[in-house]
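The letters A, B, C, D, E and F name the chains in turn, as written, and every chain counts its residues from 1.
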Amino acid sequence: MDKALSDKLMAVSVATLATALFKRGLRNQVIQGVHPVKAKGVNMVGPAYTLRYIPAREDRNQLTEFRNPAHPQRVAVETCPEGHVLVMDSRKDPRAASAGDILVTRLMVRGVAGVVTDGGFRDAATIGELAIPAYHTRPSSPTNLTLHEALDLNVPIGCGDVAVFPGDIVVGDDDCVIVVPQAIAKDVADEAVEMTAYEDFVVEKVKAGTPVIGLYPGTQEHFAAEFEAWRKSHNR
Amino acid sequence: MDKALSDKLMAVSVATLATALFKRGLRNQVIQGVHPVKAKGVNMVGPAYTLRYIPAREDRNQLTEFRNPAHPQRVAVETCPEGHVLVMDSRKDPRAASAGDILVTRLMVRGVAGVVTDGGFRDAATIGELAIPAYHTRPSSPTNLTLHEALDLNVPIGCGDVAVFPGDIVVGDDDCVIVVPQAIAKDVADEAVEMTAYEDFVVEKVKAGTPVIGLYPGTQEHFAAEFEAWRKSHNR
Amino acid sequence: MDKALSDKLMAVSVATLATALFKRGLRNQVIQGVHPVKAKGVNMVGPAYTLRYIPAREDRNQLTEFRNPAHPQRVAVETCPEGHVLVMDSRKDPRAASAGDILVTRLMVRGVAGVVTDGGFRDAATIGELAIPAYHTRPSSPTNLTLHEALDLNVPIGCGDVAVFPGDIVVGDDDCVIVVPQAIAKDVADEAVEMTAYEDFVVEKVKAGTPVIGLYPGTQEHFAAEFEAWRKSHNR
Amino acid sequence: MDKALSDKLMAVSVATLATALFKRGLRNQVIQGVHPVKAKGVNMVGPAYTLRYIPAREDRNQLTEFRNPAHPQRVAVETCPEGHVLVMDSRKDPRAASAGDILVTRLMVRGVAGVVTDGGFRDAATIGELAIPAYHTRPSSPTNLTLHEALDLNVPIGCGDVAVFPGDIVVGDDDCVIVVPQAIAKDVADEAVEMTAYEDFVVEKVKAGTPVIGLYPGTQEHFAAEFEAWRKSHNR
Amino acid sequence: MDKALSDKLMAVSVATLATALFKRGLRNQVIQGVHPVKAKGVNMVGPAYTLRYIPAREDRNQLTEFRNPAHPQRVAVETCPEGHVLVMDSRKDPRAASAGDILVTRLMVRGVAGVVTDGGFRDAATIGELAIPAYHTRPSSPTNLTLHEALDLNVPIGCGDVAVFPGDIVVGDDDCVIVVPQAIAKDVADEAVEMTAYEDFVVEKVKAGTPVIGLYPGTQEHFAAEFEAWRKSHNR
Amino acid sequence: MDKALSDKLMAVSVATLATALFKRGLRNQVIQGVHPVKAKGVNMVGPAYTLRYIPAREDRNQLTEFRNPAHPQRVAVETCPEGHVLVMDSRKDPRAASAGDILVTRLMVRGVAGVVTDGGFRDAATIGELAIPAYHTRPSSPTNLTLHEALDLNVPIGCGDVAVFPGDIVVGDDDCVIVVPQAIAKDVADEAVEMTAYEDFVVEKVKAGTPVIGLYPGTQEHFAAEFEAWRKSHNR
């Protein structure tokens, strides 16, 4: 994805993006119930590449399925483009895994930007130590075949009650993951950068003892001037 | 679908079918959490035709969407083949409707065999009075646009934690709905008819005072002979 | 409340009202998880009068509390104005009752228009037979003191995840209950009456074999003329 | 069980019993989430006979298990004493059945007073028509082997978050089921009969227009005298 | 609040307080489902100051609301007294935030003792690093306006299924949060200090190999003497 | 338990064991919803010794119960054999504790291998620091008497929707806990050791850039030879 856009999204929080989307009437873009396998302290940013699971039927989901080179889960891991985020629709069911450490390691090696499921990962403790951000509901050791059949690649899906279209920009921080529609990603990112500057200014003021009313949001006019000065002095 | 197969499936219960599938290692074919809008006293039988919903994004799901003649929900209602069952993946979310009485009336007029959602119907009281079986989780008055975007027609879906492939045979009775994989539907139906004969014999015996142990299942040999006589006398 | 407004709202469905509110950006006005104790076949309509419960603390909620003539639950039953709907915030917890048949009988005798809780009623089978509409989650025999302390009268509350302000217009049918903000109730009712006329026309057409695409919504122009003729002939 | 005790419990509601137990500090005796398969309009009363299920392990729960004459579910059906209520601990999991119509028919024929599960029944529509009260969470067609292994007979269990000890008195009405500890059943029944008399008097007064405050509970003295007169005139 | 009382409550666990309240018949004082945003290793202690949210209605909850200097959430943050704990009733719904890092920073600067919600915080990772204890259900990035309307200040509320009255003493440790009714706080604290002394003695004994039966609780008399000696030697 | 078996199970992951059991048709052996109180980085291994809770009835569960030297929870702590894992059936209800730090300390001192509940522990922060693995749902400060009555020792139970028979081998890692039926534990352990060797080989290859298709599982023949060489060079 565009480097400038990516840089901006690396520097803002999911909370700020959620507010910028709320302003545009999009109230439901944060993937619910999902958190980092391990907090990384830096954002995950990338376009969505999706994998859709449906419920497993026993005769179609024996271990031999994995021997099929066209098995969609394995193909997803090998085809998710570099810099993209693999987002899995596991129907919010963490009772069996969406993937494990070997596949996530492969994603890492391939330069994938991150991996998200509304189910759970097996080998989660190991995945947490890998140099790739991963988000899930909870650790889940059973193989995906137990409950999930990998079906479709890169179709629109639901993940944690959010619509995810291939190419939507996915951003995660240490709290949550949000889905930014591709068409407005640049505008949203620009606004979020502006909002972040003001929020950083606000935090400084609040830490110094300023009350929040009138400051956040800035309804007292003098704060506008103060903020302008602050921006200059901080190169923001 | 094949008339002989349909006739057999009209004459057996979902419970019996569930046991026949259990014998074949398929333990998870009953759609969970779904019941008839109104009990009809006769079975619903037909091949599955599917509609997939994903979570609604506000900018893509305004009322104007319904003016699009290609809107997948509307197209589903006009293309679901006669004698088929329209099965909707609403991600088990009944907080907004999957469909309402006008669309279900159209399905009825078109000769569709039934309609199933793991969400809810609006106008459910009206739908319950229509001459088409309908199954859902609970009544839900909000328009589907509130939470659901109709996306795909006739792809494999999940419904109530069950995999549904287009063409699978869907059977509903006054209790539940079950999905019978197409490839084994005939065998399963044949076995279910046999099981039903024995169960009917058992019910008669039990009502007459026979204990269930040894009779159900029939481990005492004399019941085999009694059952054979019963079949002849009842033309079963 | 205004008789003309009430008459209009008696003649439309909650589903239609939900769509009229959706058009105005209000997507979350149907009380979730609540249904009629017994379907009445006619609407419940009236302004909201509210009762707020908080969790019960054992020392404050012994049976002797009911001897207090100022107990808010009892006062609610005696002060809810005639023609109003008593709406209770039971925090979606049906494990203990919100009220029982004696209090609901008193509401009926007093001319209250209906009663709604996002918890459950005790004596529900009896309440279902009374000549007052009642909506709840499920029957619940334990006295409210077990889990609920009646606290406030006629303050804004939540009920089934919907905001209810005193005076909002509450409408229930055999499916669901919806909350129409007071300020827009007349506009919404007018629009719902119009929509209902068109929907009734559509149902007739669909039953006669017309496909829904182009008809519902009416994007094919000739339906506008047909509808106008239908209105005249039906006095709608 | 004692005929006099049974007669009293046939004539009071679960709600009244819940209040009588609440007075004694027992706040948690109503089985949560369970309702009649079909309302019967008369109470179910009898001592508890219990069946405990644990989660099914596939190798121990094939259909052949039912051929074992010592299978606890089948033994339960043949040994639950006449006049008792068979209560099943299905761990609140209705995704597979606790029993079906053949076993419930056998219980009926044997004179068992009723059957309760915190799971679901298969063949529920049929069970609803039998002359034996049955309570469950929802219909569930899969055989119990799918998720439940019948393990223990007549041990203390949990059912719907309530402790059930063998011999406890189980009472069900059209709303709910309650468990009355054996040692206090007579006292509780006696008090409930008294309470019911007063409640019936109250209902008459309320229907005639008397406000509830001061009447229910009866804190205004004149109601005591009126009630005494009412009792005489009604032989209560 | 009283310094002596506060000191005692800083030195006991929520578990010990729960048992002391259980002895007094209060079984339901631990806020369910809430945990520290980040474990601090020291207790949070202070009187409750409350904020009540109801479900958000879209027309009343646009971003412009925050420009209102009387917005209850902002006012709560500026008026919660020093040394108090701000407790928010978010109806157990963490799908949108109850507050974020700027407001929690302001609470910290103002000397507030802590903040609790039965919803979630946005900017949770940042809040976890602040020098103020915070408890929630899970991180939640969407602005509170998405689902919550701040309505009331310092009224009795429910939080995590517990009644919270303004002035009740709120105590949190690394496990849970408990609400101690104001009127009995001193007695409960005194007893908890005593219990803690005995528990510390018990832990020493258990670590040295003493079995728990007879020791915890101390039914073998010699432990009473040993404990007295231990108290003297440990100045407890 | 057998030292060789224990050593093998210390060296494999729960995920690998889950797959080995899946191959044998056991799909449901991972205890759902349970995680380590604190990750230990080493496995917990031991035969199951069980404790069964039922719902608490108030009159049977006052604090005085703990003075009874035969109280099953206390007896469990003193009789669970060294090297065994104490597994508690708390009916998946973490609203009250299953045990606290004193009892878990005693288990540690007695050489018990670990402790698992599908409820919650009180004093969880303290338990997390003890030298004994402990698994639960979440911290829960209320005494077990609030909701749980300890009833049975060492009977078959359910824990997190899994059947646990006394003597089954329980294995926990930093993700999850699994129950291996005693009769197949050796075979499963042997296979898991083999699988682990291959997985470790695969991880090395994947980190070095090899795609997963053909490698995991190893369908390309040359990997078999490579793996054999790797085993030799790594003494696996």
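By definition in this document, contacts are C-beta pairs under 8 Å (C-beta built on N, C-alpha and C of every residue); 3 or more make two chains touch, one makes a residue touch a chain.
These numbers come from a predicted model, not from an experiment.
Shared contact partners of subunit C and subunit E are absent; no chain touches both.
Comparing the residue numbers each copy contributes, subunit C and subunit D share less than half of them at their mutual interface. With D-F and B-C as the two chain pairs, more C-beta contacts join B-C. A straight line joining the Cα centres of subunit A and subunit F is 31 Å long.
Rounded to a whole number, the gap between the C-alpha centres of subunit A and subunit D is 49 angstrom. Each of residues 27 in subunit A touches at least two other chains. Chains touching one another, given as pairs, are A-B, A-E, A-F, B-C, B-D, C-D, C-E, D-F, E-F.
Interface of subunit D with subunit B (complex): residues 63, 66-67, 69, 74-75, 77-78, 95, 97, 100-103, 105-106, 109, 122-125, 138-143, 145-146.
Of all residues in subunit D, those touching subunit F in their complex are 24-29, 54-60, 91, 93, 149, 151-152, 155-158, 161-163, 181.
Residue ranges of subunit A in contact with subunit E, taken from their complex: 13-15, 17-19, 22-23, 27, 30, 32-33, 35, 39, 173-176, 178, 199, 202-203, 206-207, 209, 211-214, 216-217, 219.
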